[in-house]
Amino acid sequence: MLEISNLVKRYGHNEPVLEGLDLTVDGSSVVAIVGASGAGKSTMLRCINRLVEPTSGSIKLNGSELVNLRGSALRHARRRIGMVFQGFNLIDRLTVMENVLSGRLGYVSFYQALTRRYPQNDIDRAFQLMDRVGIGHYADKRADQLSGGERQRVAVVRALMQEPEILLADEPTASLDPKTSQQIMSLLQTLASEMSLPVLINIHNVTQARMYTDRIVGMRHGQMIFDGVPKEFNQNALDAIYGGIESPEEDGDNTADKDSATQQGGVVA
Amino acid sequence: MVDHAAKLTDRVWSRYDRKEQWARYAIYLVTLFAIVWAVRDIDIFWPWVWDAPNQIQNLGARMWPPEISAWQAILNAMLETVHIATLSSMLTIFIALPVSYIAAQNTTPNKAMLWLGRFILVSSRSVNTIIWALLFVAIFGPGVLAGILAVMFRSIGFVGKLMGEAIEEIDRRPVEAMEATGASKMKIVLYAIVPQVMPAFFAIIILRWDVNIRESTVLGLVGAGGIGMMLQGSIDMFAWQTVATILLAILVLVILGEAVTSVLRKKVI
Amino acid sequence: MTDFRTASGALPGRVWKKPPFIANPWIRYGLFAVTLIYLYWAFSTLPFNWTRISEGLPRAARIFSGGFPPSFERASLMWTGFKESFQIAFLATLLGVMLSVPIAVMAAKNVAPLPIYLLGRSLIIISRSFHPVIVAILFVAAVGFGPLAGILTLTLYSVGFVGKMLAEEVEEIDWGQVEAMRSVGAGYLKVLIYAVFPQILPRQIGLSMYQLDSNLRASAVVGIVGAGGIGGTLMNAFGRYDYDFAFAILLLIIGIILVSEGISGWVRKKIW
């Protein structure tokens, strides 16, 4: 169970990006977080595994507080949180297997990491997961030789190797073509139910959010303004989230690409 | 357009506007003064200058034809030169890599280390190989060790600076992904940074080896080993025909070095 | 999605080893062996004088204790040396840059006829192959001790570097402008002046600044073999075991090089 309460993030002395956010996710539900560029979706996700330092507030994962952890306590907490990125963030020059095993870096010793001597359990798990998502035969290929969809699958497997208690996905489909992005969404959905893993997905594509998730959270200007099941997510909610902002086309998979590209930059900057 | 035509005859065209023109004149004037000052002030006996082409021709004539009877000694000295370049390039790696790690803004442990790293790089680069050689000859006596150390100390700055820049230019995203798995700093370096800077590393080392061959040819002039010793000896004995052979040998070595470098570069990258 | 389900069934116990950096085992172990043999060969043939080297540490201590604090007492001697170094660097840059223009044109494949091109290229290759110190020692032998040898050396050094870079620049010019000038009936020289030089001018100024900087560095060392400038002063100080004076000169060289690097970088940034 993930409990976020009164989360505030402010960069320097600017307007806060997150203004006292509350969110609770439990069970194995897949939650979509939608919102315009700069609404604070990406910042929120990164606050959970502390890639971004929250200004104030509390984040609890299965009862343990994540904010204010330091050093090895923080690294142990991060092991419990898997993350999938928009740009896959694979290590291009390493093989698929090495990328997948890098998900175990929080567990193995430095010597094991250096010599790539991972425990047999890890290797078995890696092969199982890779076969599960259909990339098992690529184990010794270099990561940069794969297509976008395959790369994102590697990234998903890497996150699952951590044996996470929750999976975060930051625009996981924004760099993919429409067909592949549907496959990835559906993969995330089925994996969530198979492993009874809660999944938080930042997503720009409202159609996919409706189709593949159990719950939609709408954000605007750092606040949550919609929270409900996909059925309730109607035109009004859409207008409230994107109103006055150039809205993404309802079913335009292609536009998601460039929108989220700016979104990424907007949040980071 | 018609009324413009009347004024056309009065119009003056000039390549630069007035402000640019003044700036140009100022630069010309300063340069001219510098030239006049330098030429008048410098300690040159002018009749020698007019005689210089004669003297150079004369020297050239004394070198012809090259005397090749000493080829065995020359070959040995050349090998020594190559050894100095190769060994010092290898040794450079062990020092330059840690230094570049602390001198790169994104990997340095703290500000003090950053400045220490930069200080090492700057002092290494500002002192010429031959001056380093002078120092090491004074310490360790004439011989190859002084030469190896001299070339190495100069290379550290070169390799370290370029490696530092390569580290600063890496893609941040894999680093972020490795952080998210809960990996420690050293493991992040191992997985996300090392693979990314590998190609740059090989390119830089190969480039420096090529430069080092050239540098090693002069070490002998201050007694630090290599072909330079023999060159100095032959000049002292006015054995100009041997000098010519040595010069030819150096030319061949440098061209060979360049050829090897370009082959290696293609193989490795 | 069914394909994912059916594809499962990896049996536990599958092994995985990191693929080696070099795929072919012969080459992999061969390279390793070659490196070892090379190291053995190099170390066994190099004449190390271990007894002399073992005296190194006490000597280093003596040198450094003699060198600190650096003595700036003979400032006038230093001033003369640095002034001469600067004059050498400046005049050589000027001469070198002027000479490098015709040589660059000669060594550019697209504007020079083949025999001229080959001549230009070999001029550049020869002047680049020899370290300035070697060139300096030859010029000292030919024209005698003093700054003249230094100027000649660094001129040649400049021609090698600036000429090479400039020739590459000429080879990459926008050919359309040359055709345009030819089509208005301009002759060879006019084409060069109107269509080629304007395209390489910004680069030329940047390169000149860069070369002035590297000539200043080099001028500090050509003096070691007697070609004038601060290098000679440094060499003498070392020779007479005046380590405090030598260290003062070294510090000053480092300082001046840093300043000159800064200025040259700033000017180049301004121009580009």
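The letters A, B and C name the chains in turn, as written, and every chain counts its residues from 1.
Throughout what follows, contacts are C-beta pairs under 8 Å (C-beta built on N, C-alpha and C of every residue); 3 or more make two chains touch, one makes a residue touch a chain.
Keep in mind the model is a prediction, meaning the values are calculated, not measured.
For the pairs A-B and B-C, the count of C-beta pairs in contact is higher at B-C.
Of all chains, the one whose mean C-alpha position sits at the greatest distance from that of chain B is A.
Remark: chain A and chain B have CA centroids separated by 47 Å (rounded to whole angstrom).
Chain C has its Cα centroid 4 Å from the Cα centroid of chain B. In chain B, no residue touches at least two other chains.
Multi-chain contact residues of chain C (touching two or more other chains) are absent. Multi-chain contact residues of chain A (touching two or more other chains): 98. Across the interface of their complex, chain C is touched by residues 34-35, 38-39, 41-45, 48-49, 51-52, 55-56, 58-59, 79-80, 83, 86-87, 122-123, 126-128, 130-131, 134-135, 138-141, 143-145, 214-215, 217-218, 221-222, 225, 228, 231-232, 235, 243, 247, 250-251, 254-255 of chain B. By the touch rule above, chain C contacts chain B in their complex via residues 38-39, 42, 45-49, 52-53, 55-56, 59-60, 63, 83-84, 86-88, 90-91, 94, 125-126, 129-131, 133-134, 137-139, 141-144, 146-148, 152, 217-218, 220-221, 224-225, 228, 234-235, 238, 250, 253-254, 257-258. Partner chain A is touched in their complex by these residues of chain C: 1, 3-4, 7-10, 12-19. Contact residues on chain B toward chain A in their complex (touch as defined above): 173-174, 176-184, 186-188, 190-192, 195-196, 198. Chain A meets chain C in the complex at residues 95, 97-98, 116, 118, 120, 123-124, 126-128, 130-134, 136, 139-140, 183, 186-187, 190.
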